[in-house]
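Multiple structures are listed underneath, in structure tokens.
Okay, so chain A shows up in both of these, paired with chain B first and chain C after.
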Partner chain A sequence: MNHTNYKGRKALGKVGLFTFLTAMALMFICPMVFTVFSSFKDNTEIFGDPFSLPKTFRFSNYVEAWNGANMSTYFINSLVISIATVVILAVVSSMAAYALSRFNLKCGKALTIFFLAGMMIPIHTILVPVAYIIGKFNLKNNLVALVLIYVAFSLSFSIYVLARFMKGINRSLEEAAIIDGAGYFQIYTRIMLPLTVPAISTVSIFNFLGAWNNILFPLLFINDDKLKPIALGLLNFNGERGSAYGPLMAAIVITVFIPMVIYLLFQEKVESGLAAGAVKE
Partner chain B sequence: MIYLKSRKDKFKIFLFIVPALVLYVLFQIVPMIGAFYFSVADWNGIAGTAIKMVGLKNYIAVFKDPGFLISLQNMGKMVFFSVLFHTPIALLLAVAINTKCRGYRFYKAVYFVPTVFPLTAVGLLWYFIFMPNGSFNTLLTNMGLSQFVTPWLINTSTAMNTIIFVNIWAGVGYYMVILIAGLTTIPDDIYEAAQIDGITTVKKFFLITVPMLKPIISMCIVMDIIGTVKVFDLIFVMTEGGPNGLTNLPTTLMYYEAFRYDHYGIGSAIGIIIFLIALVLTVGSEYLTSRTEN
Partner chain C sequence: MKRLISLFLAVALCVGMTACSGSTGSQSGSSNSDGKKVEIRLLTRMAGTTKQVEIFKDIIKEFESKHPDAKVIDESQGDESSFNNKLKTDLSSGTLPNIFRIQGVANLGEYIDNGLIMDLDPVLKADPEWNKFVPGALSYYQVPGHNGTYAIPMESGLIGVYYNEALFKKAGIDSFPETWSQFKTAIQKLKAINVTPIALGAKTTYMAGHLHDQIFYKWMGTEAAKKLGSRDMKWTDPDVVKSLGFVKELNDMGAFPSGAAGISDDIVLSQFQKGQAGMIITGTWNISNFTNKKDCPAADDIKVAKFPSFDEKPQYKNEDMQVISPYMVNGKLTGKDKDYTIELLKMLTSKDAAKRFAEEASFLIPRTDVTLDTQKVNPLLLKNVELGKTSTGIAVDVFDFDPLASMQDTTRNAIVSMLVGSSPEQAAQQIQSEIDKSK
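The block that comes next holds the complex of A and B.
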């Protein structure tokens, strides 16, 4: 008697569990699916029949967004900006992390804290001075400067994660290399970098998403339409052609496409890296 | 640690830090010092024009501005509701997913994926749903609830709440993933022992899961508070702080003051206030958590 009661409760629990999970999932899926559906519709259908499957799939909306609204240019700009940011950050921060985590530098501890302090700086606090620097040194529409700002802004976090990881690496390989007469730079490129790849890839995914998703710095730096990154380009498109909803929805889908692919490809990495990323927010 | 003896070696190692140090000082530390400087200065934003020192005038102006007080109030409201919903919902989702039931990977991906999207895209996506002739109002009409139809982002009594809802929607997955990671650290035998004692699922949740996760739950809440203070994109995209500045946060107000109205001093002062709020919250929560741990 008791046994069947327990079984019954368990089945009930299972139903409850799936009801909860599914109800919540609908809250997340519905808005996204609505956007994808709308991206294939024309205005009449979006407003007349918003929740149904598109009657015909208008891929022309995507063509319109991609070519007509320059999403292709923004997309490529963002790829270039984000990849450049990731590469420079990986090099610069891993070098600093190597020096800070593997040696007894006199000012090592102070420097580590100095770098860490950067995590406390909110982006909004430095916007005006950054705008001043842009004006003073004529850096408007300078993509290199934009990338360097991204790099500087993510340095604290990257160095923190990489240094913590490098601290845990066994020193026997390094010592053997020193005995063999290897220079520090060789040790860094041949031993430390390959061993740090897991941490570098975690940091890089975060830095890529950070650069891809940022709009504040591009708002200050870029007013040339040909140089805008995708998140800013999307806003632009929204402002200019506020009534062509189908292509706009297509542009949203294009904008989230790369972050979504990155997440689906590196699911475990993105999720496990969050514990480290958590520190930055 | 490798012990460097010669000065030359120390110098060589220091060179590894130089690129990072230069970029960091140039684009983080100098602007940070500059932020304090501009917050006590008057500047119209045009390069080459004189910058006048005005003392605390900007700060006084900021605190006398009803718009700023509204933005602080909005921030408080947003923090309150984020804390109220983010972590508790995320915890329920995490526990549900941690049962490893059929399809749990799918569910986890669905809840998490919005957190990797640019907030501009998330904001626009919801903007089209909540605009006056948007799909949410259509849905309400179709369900026979047309008395609730309203321009959600324009109506002064719903605009802020709508943004708060979207902010919760966009962030739940983030805390969920952190809590799932925390759940895996709770040893199974505690649950097994509880199972033998015949403890119900609800009791297990409140007597084992929540107490064991306490440090991670408080970390989530702290991150949530500090993260909410820095929300910008959603408001920038969905309402631009409107109607009448009623949905501004200090972050958006700072941006509009500085870069729309060229009030750089006022903008900087608000920027410093944001910094101080974040600093106080971080240090304060560190202090509180370290005290409860002792």
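The block that comes next holds the complex of A and C.
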């Protein structure tokens, strides 16, 4: 009797869970479906029948999107910017995280708080000083400067996640390495880095998306058409009084495609990494 | 192994750095070769894929081919928040473009005092051939408390009521209402045939703002907006509250689509184009959307009229809302930078440019010396021009005369709040308290 009750409760729980998950999946998929449908429509159809299937599939929107948003150039720029940001962040933040998680520094706590504080500064509050510095040192249209800005803004988060993860790694491996005569750099490169790969993948995904999607900094600091990233290309379809939503949606579909592929490739690592910071031995 | 890993890390870092600097290298190379080029930066709202933007870009190309030693960097943004972000950052970090645009009039004082906006009076006086702008439009940028003219009007046009004549006839309305009482009767008749009387999507708050602007000017005249700005009048004064009350009255009688506060301008525009709504209050920029039969099945039936006046206020019958958009020039420019910028400004607002903008894009530059080819110009635009000529007083938004920059959002949000339950008194109080707070 009790067993049947338990089974019934379990089945009910499963139904509840699946209903919840289906509802959530629908909630997240709706905007994507809307975007894909709209990418084949014109303005009148988008606003007249927003959720219907396109009456005719306007593939011309994709051609217009590719040319209008100057995608061939902007795409490569975005890739270069995002990859450089991810690589620099992975190297710098893993080093900092190693030091913070493993060394008994006198100022360790203060340093941790210092890095954490970086996460609490809203971007808009420091736009003007950043813009002033960029202007003063003539760094407009400089991709290195742009990448360094991204690195600076993502550093706190990356260090925080990696340090939490590294704290959870068993110390006995390091101790064994020390006995074998390994130095700090060797421990970092041969033990900590390989063990931290899931967490590095996780922060790298976030950092890649952050750099790929950022529109504010390139808007302010890049005005050379040859150097603009893809996010700025999307703005080409926005007019003061009315936008070409069909091509805009097509451009969004193309733009979103790359991060989705990257996410799918690293999905497993990301998911294990997300939970990783929480587990401690 | 150790060496390999170190090498990998070093290479990874270098790849990152060279990947970036590779691109920058080409840029800095071009900047070296452009070293002597005069850079002219533009930050206007002329962006997007419309015909007027095409003409704007053509003129820039023409300027560049005329001056190979000049490079025009067009940073114009159609998207409002991108534009504002860029403008605010440029203003506060001292990197203002050569030609730009700031919304409003009274709020320009501070920028003028800091020498950021050029007084264009000397330029206008020196070139009588070019100085053929409609006086009312030019004087709009004579900022209270400052001598001079601080912008060149690059766009004008009556904000009119575009209406579907066939639907009006079907509802038994013979001609467009000229007075407020006739207007209300027309709304009731349109409702009776299940048509949304006024296509208003207040999610894009300017639509509600523009409706109140129209009512305000017809009820109190355009000068009253200046009095609000100079604080000689309060938003809580009975007449101002009454002007807000008229918006509420329209809402209560069901003049707008249901849930208007949550609908955007694009959606209501589509409703009007499809003949599901009787009227829409908008400017000349939408004329091209009303003439293309593919997008606008109701194209043949669309006509334009002035917003109705109040029976008890005949003196304000021709006090009209018109759009006037400016080009401002950086006040810090000198030498060749200044000369080239002024030349480009003149090309963008010349007689030839005005003719092309009007005939090809239904976009009006307020000049007095342009003869339009009636065969080429859209009849709706011609009618709009004709109606605009009868204006005795013109103004854009009421908040244009307010020195408080936040008034754009404050006034529009308060007006929208009346569509979701606030009373006119509460809306007025909401706006006035923002002003009182700033004192």
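What we mean here is this: the second predicted complex is superposed on the first by the 180 of 281 C-alpha atoms of A that agree within 3 Å, B and C clash if a C-alpha of one lies under 4 Å from a C-alpha of the other, contacts with A are read in each partner's own complex, and residues count from 1 in each chain.
The definition used in the following text is that contacts are C-beta pairs under 8 Å (C-beta built on N, C-alpha and C of every residue); 3 or more make two chains touch, one makes a residue touch a chain.
As the structure is a prediction and not an experimental result, all values here were calculated from the model.
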item	value
First, second, both or neither for A:165, with chain B first and chain C second	neither
Touched partner set for A:128, first chain B, second chain C, both or neither	both
Chain touching more of chain A, residue-wise (chain B, chain C)	B
Touched partner set for A:40, first chain B, second chain C, both or neither	neither
Chain B versus chain C as contact partner of A:243, first or second or both or neither	second
Touched partner set for A:220, first chain B, second chain C, both or neither	both
Touching partner for A:83 - first (chain B), second (chain C), both, neither	second
Contacts of A:143 with chain B and chain C, given as first, second, both or neither	second
Partner chain in contact with A:68 - chain B first, chain C second, else both or neither	second
Which superposed partner A:157 touches (first chain B, second chain C, both, neither)	neither
Shared chain A surface residues [contacts with chain B and with chain C]	47, 91, 127-128, 131-132, 135, 215-216, 219-220, 235, 238, 245
Interface residues, chain C side, partner chain A - complex	1-2, 5-6, 9, 12-13, 15-17, 19-24, 26-28, 30-31, 41, 45-50, 53, 73, 75, 77-80, 82, 85-86, 89-90, 92-95, 266-267, 269-270, 273-274, 283, 285-286, 289, 295-296
Complex contacts: residues of chain B adjacent to chain A	1-4, 9-10, 12-14, 16-17, 19-21, 23-24, 26-35, 37-38, 43, 45-47, 89, 92-93, 96-97, 99, 101, 103, 107, 109-114, 116-121, 124-126, 128-129, 133, 135, 138-139, 169, 174, 177-178, 180-181, 201, 219, 223, 226-227, 229-230, 232-233, 236-237, 250-251, 254-255, 258-259, 264, 267-268, 270-272, 274-275, 278-279, 282
Chain C-facing residues of chain A, complex	42-44, 46-48, 68, 77, 80-81, 83-85, 87-88, 90-91, 127-128, 131-132, 134-135, 140-144, 146-147, 185-186, 189-190, 193, 215-216, 219-220, 223-224, 226-227, 235-245, 247
Residue ranges of chain A in contact with chain B within the complex	13-14, 17-18, 20-21, 24-25, 27-29, 31-32, 34-35, 38, 47, 50-51, 91-93, 95-96, 98-100, 102-106, 111, 115, 118, 120-133, 135-136, 148-149, 151-153, 155-156, 159, 171, 174-175, 178, 184, 188, 209, 212-213, 215-216, 219-220, 230-232, 234-235, 238, 245, 248-249, 252, 255-256, 259-260, 262-264, 267, 270-272, 274-275, 278, 281
